[in-house]
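In the part that follows, the structures are each spelled out as structure tokens.
Look at the two complexes coming up: chain A is in both, with chain B in one and chain C in the other.
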Partner chain A sequence: MTNKNTLPTSRKKKTQPATISRMYSYWFYLPAAIVFGVFFLIPTGLAFYFSLTRWTLFDATFIGLENYEYFFRDPQLLTALRNTFIYAILTSGSKVIISLPLALLLTSGLRLQSFFRSVIFFPVLISAVAVGITFSSLMQPSDGLINLALESIGLPQPDWLGDPDLALYSVIMIDIWKGIGIATLIFIAGITSIPTEYFDAASLEGGAWVKFRHVILPLSRNATFTVILLSFIGGLRTFEIVWTTTRGGPGFASDVLTSVIYKQYQAGFYGLSVAGNVVLFILIMSLVYPLMRFFNRMELEL
Partner chain B sequence: MRKLLFSVLLLVLLVPISMAQDTVTLTYLVDDAEINLTMNQALVDEFMAQNPDVNIIVETRPGGAEGDNIVKTRLATDDMTDIFFYNAGSLLQALNPAQTLVDISDQPFIDNIVESFIPTVSQGDAIYGVPTGTAMGGGILYNKAVYEDLGLEIPTSWDEFVANNEVIAEAGIAPVMATFGDTWTSQLFVLADYYNVEQGAPGFAEQYTNNEAKYADTPAALAGFEYMQQAYELGWFQQDYATEGFEPGLALLANGEVAHYPMLTFALGTMETNFPDQVNDIGFFALPGPDAEANGVTIWMPQGTYIPQTTEGPQLEAALEFLAFIASVEGTEVITSAVAPQGPYLIEGATLPDTVLPAVQDLAAYIDAGNSFPALEFLSPIKGPNLEQLMVSVGTGQMTAQEAAENYDFDVERQAQQLGLPGW
Partner chain C sequence: MTIRNNLTRTLIDIITLIVVSIVFIVPFVFIFLTASKTQAEAAMFEFSLPSQFRLLENLWEVIQFRDYRMVLALWNSFLLTVGSVLLIVILAAGVAFVVQRRNDRMASLVSTLMLTGLIIPPAVVPTIFVLQEIGLYKTLLGLIFVEVSIQLPFAVLILRAFMASIPREIDEAAIIDGSSPWQLFFYVIFPLLRPAIITIVVVSAVVIYNDFTLPLYFLPGSENVTAQLTLFSFISQFSSRWDLLFADVIIITIPPLIMYIFFQREIVAGLTSGAVKG
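Up next is the complex of A and B:
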């Protein structure tokens, strides 16, 4: 009886403190919410607004979707889109293909293993701008180190950055060189997190091939997805290396989306370049989100 | 004793402060091209020597499109230096001068400026800047030693130029230099051709500004793009031209490894510093057009010095005094003593020394004979930003002249709309 009587009162007592405590805990969100709002939400909202204007920095005239129309009418845009996809696919693909064997090598208990790991990782530490400037002098057609080396062993010496058909691929090679380290690191982390029981079982079944094919390859799937996803996003929004080596040239031969947008910004077409960034944002979201969903579904529990 | 020490210390501390209060400090933004920096530093040093109460600090910025953005952003955010050095003509128009710059049309020193410069720094009746440095010619710099060895004559028409280049190529010398590593250098075939455009299509500048004439369907204007295509097809360019830079290119010209370089005479300043022995071997001729009878040179106006509206009070007074100094004959003499003149001054009464470089004498001969016309960027506020990439595309065989001209017309349309010009 007493229990029944106390029940409603206790409910009352409980509900009031509950709402108070919930309100109370929300206040903890406030600092983060202010930072997020001021530095991320408001600028993003403004970007969408300014992409609908002709903006001179001094004043903005609302022109509807005209910037988007111009952006898509730009005859160089198709080249840039094509180049961006080639760039993103080739860099993320090559990073997987090259890094996985490297990671295998560097987890196999070599002597000087940690030294080699740091050598592989070193390019990641250099700023992309420095890498770009260094390679543009290494890739000089007649007195660059690469072509001098090729000359000394009697191979043809292409104009790496000056040949319109080759420039984009030269830049891609630089990007791969720079990105290998981080991809290898992710694979090493993936391989070392595989429980040793699997390896023990595999060594009963057969040799190194079995270990690779039936343990490492399937069980480092999560690492593979991470590498693909990160380098694919990186490839879509690549800028520094392209800009410091070719500036999108010769002509428009190695233009990517970001370099087109940057050139529009440089030209003072501020509204147009903001529209370009909105397009880039939507493009990355619409490609990466489904990819991420797919990878998440395929993810493995170890 | 301690008291004495203290008061001496106080005095020592106070004196510089009270002296500092009487001096006005100005900041001056200049692009980092060595020749512009040297020239402006010389002006500043001489002005400060004459006006001990004014202290001017020179700040530098990058050149090209990157520098344009720095200037625009600093003006838009009211963060500009007290005075700044910047292009006249179409680039100045993009700064929205009526809202950002001080109108100096009521200043007495305006009378010292040669009339033809005024429109390039004006909007309506307002005037915003004084010419700082010399005008330049755009055309072909050539190696005179190569011409002498091969017994060639200065070409006055494009056909003669083509014939000369055949002879030069046979002698194993690259006829024409391209330095696409610095993309801005690719534009001269189009920009320096404006004298010829004006001969073939009089009044093009106005029609072009009013959206009535286009590069792609005006044969005289299209010619500049076609010259580039022809240069590529006939293989005139030197080895490595797609990535060669401006300064290394000048070495090739100075050493006679390449015979011609389509360029502005401003390059002579750099050449004089880097190759003092060979710079006298360099001559200049106007970009030849279709008609040998109508041969003349396209002229670039000097850059200007401007005051943003954020400069006020004693700073503004000192800034105006500095502008008056630049726009005086004395100012031009200071410049001449610091850097080799690259063309005539646009200050009334200013003269060039007898010792000017041979290429500048070649340029002066055209101007004295009345065969000169300003470049399009000083006659129209519109200049599309993609011209350099388009010219590189033509010069590396990725685009035809016609395609590039059509693309450029599209580029120009955006620029005109951005400027809010009527009729676009």
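Up next is the complex of A and C:
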């Protein structure tokens, strides 16, 4: 190995010669490995252990699966679990349904195109807390702007964030409002990267529908997958908008896993809080990995 | 025919303008108007012009509130954001450099770990435990490390994709010229990564600056307050001061807005190329 004459004249496909791989030294990994290991991997590993304990941050008593049993027996926690699903599915679905047509519109040569793109992207820059606060005032039941507008055209005025049947869906709408900018941007990128020859070919065959059905839809499949995956993961992990608008209320009507984790933490039930975290890991892993694999297969078929 | 086309065009323009205005512009006008009102008027949540325009007074009052706590908060957010972003860029570039160039078992292990980090949420309470053990709980430095570990996977993903577009011949030329691994990385590769680095700087800066959850867990107490948390204290204690709350919203939105205006093109280009390919 230390022989200086090992520099090969023709390089094989996978194995790199020693001099070359020496240039890409593992030392470059080290700083990132320390930070990622200490502040992400170790806590993640500890979560699995502490979720099996009654934990005060100082000492932990092993209690087996008791936290999980409690978690899956408590109807309020089960509501949170169900809400997390609803949240992730509705936000990712709606973002695709709304932002694909929006992206089509914004690549069709409107006069104010770049202005619209900036306006739609703007909520992305604002913090989720600020968005949450703004919408809790806009959604005030009696004097909020949304209900005043509904009143003026004679429609019923629901208590958006105060009605237990409605609160979760109001929060979901706020999330969609905030996230539509990124989704649209990804679609715009997907559509604009389609070579123009495809469009030319499609316009020979027929009108706008052919163009959409046979060119745009299949060729922006990657963008669609990206939007679905990003917003699905984001939806399962959501916290800030829920916390600033309803704090999981009224009652527990709009609680999601992350708000439960925070509440249990605040109440000092650290073991239970971490069990919630582990449930969230497992949920995300078991849903997102198959989804990714499925999308990858679809892409290969393309 | 063309006249009719033009007419439909204009009609679509107008309809889009109306819908986009209602859905996206009205909330911002509302923020601005409410921040300009008196306490009593702001509490009515009306969409109306203020009877007296008090925006500057309200902004000033927010800044002075509790011995200039806002200034401290913005300073803390600045340190948090700059510190985290610097570390993210340097650490991620090193990882992306080696992961993309090598294709051994270690590289695929690192890729898997990064993907995992991108998907699963951080285990917050055990992280508090770790920070306490090493004496970094409730410190800005501790939060910086946590933010870095969370943002790192995204940065590696973008940089790795970009790294693939840098030809290996460049590395080989540098090697023949006798450069060491560190020279190759810092003088040759790192400068070439510039477009991707700009994207990461802007995106991570906005995300970390806007982050509310992690400071909520890791920086309790008033001496370590960040910009987003000032808002939180307004809601919990001064729910009646909607005028100041929205003035605060305006103040804390200025930094990301400035970033956006300066780097608009780079964000859009970088984010989309990274996201769609990734």
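Following the convention adopted for this analysis, the second predicted complex is superposed on the first by the 275 of 302 C-alpha atoms of A that agree within 3 Å, B and C clash if a C-alpha of one lies under 4 Å from a C-alpha of the other, contacts with A are read in each partner's own complex, and residues count from 1 in each chain.
Just so we're on the same page, a contact is a pair of C-beta atoms (placed from the backbone, for glycine too) under 8 Å apart; a residue touches a chain by one contact, two chains touch by 3 or more.
What you see is a predicted model; the values in this text were computed from it and never measured.
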item	value
Fit or clash - chain C, chain B, common chain A	fit
Touched partner set for A:I233, first chain B, second chain C, both or neither	second
Which partner reaches more residues of chain A (counting touched residues only), chain B or chain C	C
First (chain B), second (chain C), both or neither touched by A:A253	first
Touched partner set for A:L104, first chain B, second chain C, both or neither	neither
Chain B versus chain C as contact partner of A:L272, first or second or both or neither	first
Partner chain in contact with A:I126 - chain B first, chain C second, else both or neither	second
First (chain B), second (chain C), both or neither touched by A:L185	second
Which of chain B and chain C A:G162 touches, first, second, both or neither	first
Touched partner set for A:L52, first chain B, second chain C, both or neither	neither
Chain B versus chain C as contact partner of A:Y70, first or second or both or neither	first
Closest approach of chain C to chain B (Cα atoms, Å)	5
Interface residues of chain A shared between complexes with chain B and chain C	57, 140, 265
Touching residues on chain C, where the partner in the complex is chain A	9, 12-13, 16-17, 20, 23-28, 30-31, 34, 44-47, 87, 90-92, 94-95, 97-98, 101-104, 106, 110, 113, 117, 119-130, 132, 134, 145-146, 148-150, 152, 156, 171-172, 175, 181, 184-185, 206, 209-213, 216-217, 228, 231-232, 235, 242, 245-246, 249, 252-253, 256-257, 260, 264, 268, 271-273, 275-276, 278
Complex contact set, residues of chain B against chain A	65-66, 68-69, 72-73, 76, 94, 96, 99-100, 180, 183, 239-243, 385-386, 389-390, 392-394, 396-399, 407, 410, 414-415, 417-418, 420
Residues of chain A defined as touching chain B within the complex	54, 56-58, 61, 70, 73-76, 136, 140-142, 159, 161-164, 247-253, 263, 265-269, 272
Chain A residues touching chain C - in the complex, by the definition given at the top	14, 16, 19-29, 31-32, 35-36, 38-44, 46-47, 50, 57, 105, 110-112, 116, 118-130, 133-135, 137-138, 140, 143-145, 148, 177, 182, 185-186, 188-190, 193, 222-223, 226, 230, 233, 237, 239-240, 244, 258, 261-262, 265, 270, 273-274, 277-278, 280-281, 284-285, 288-289
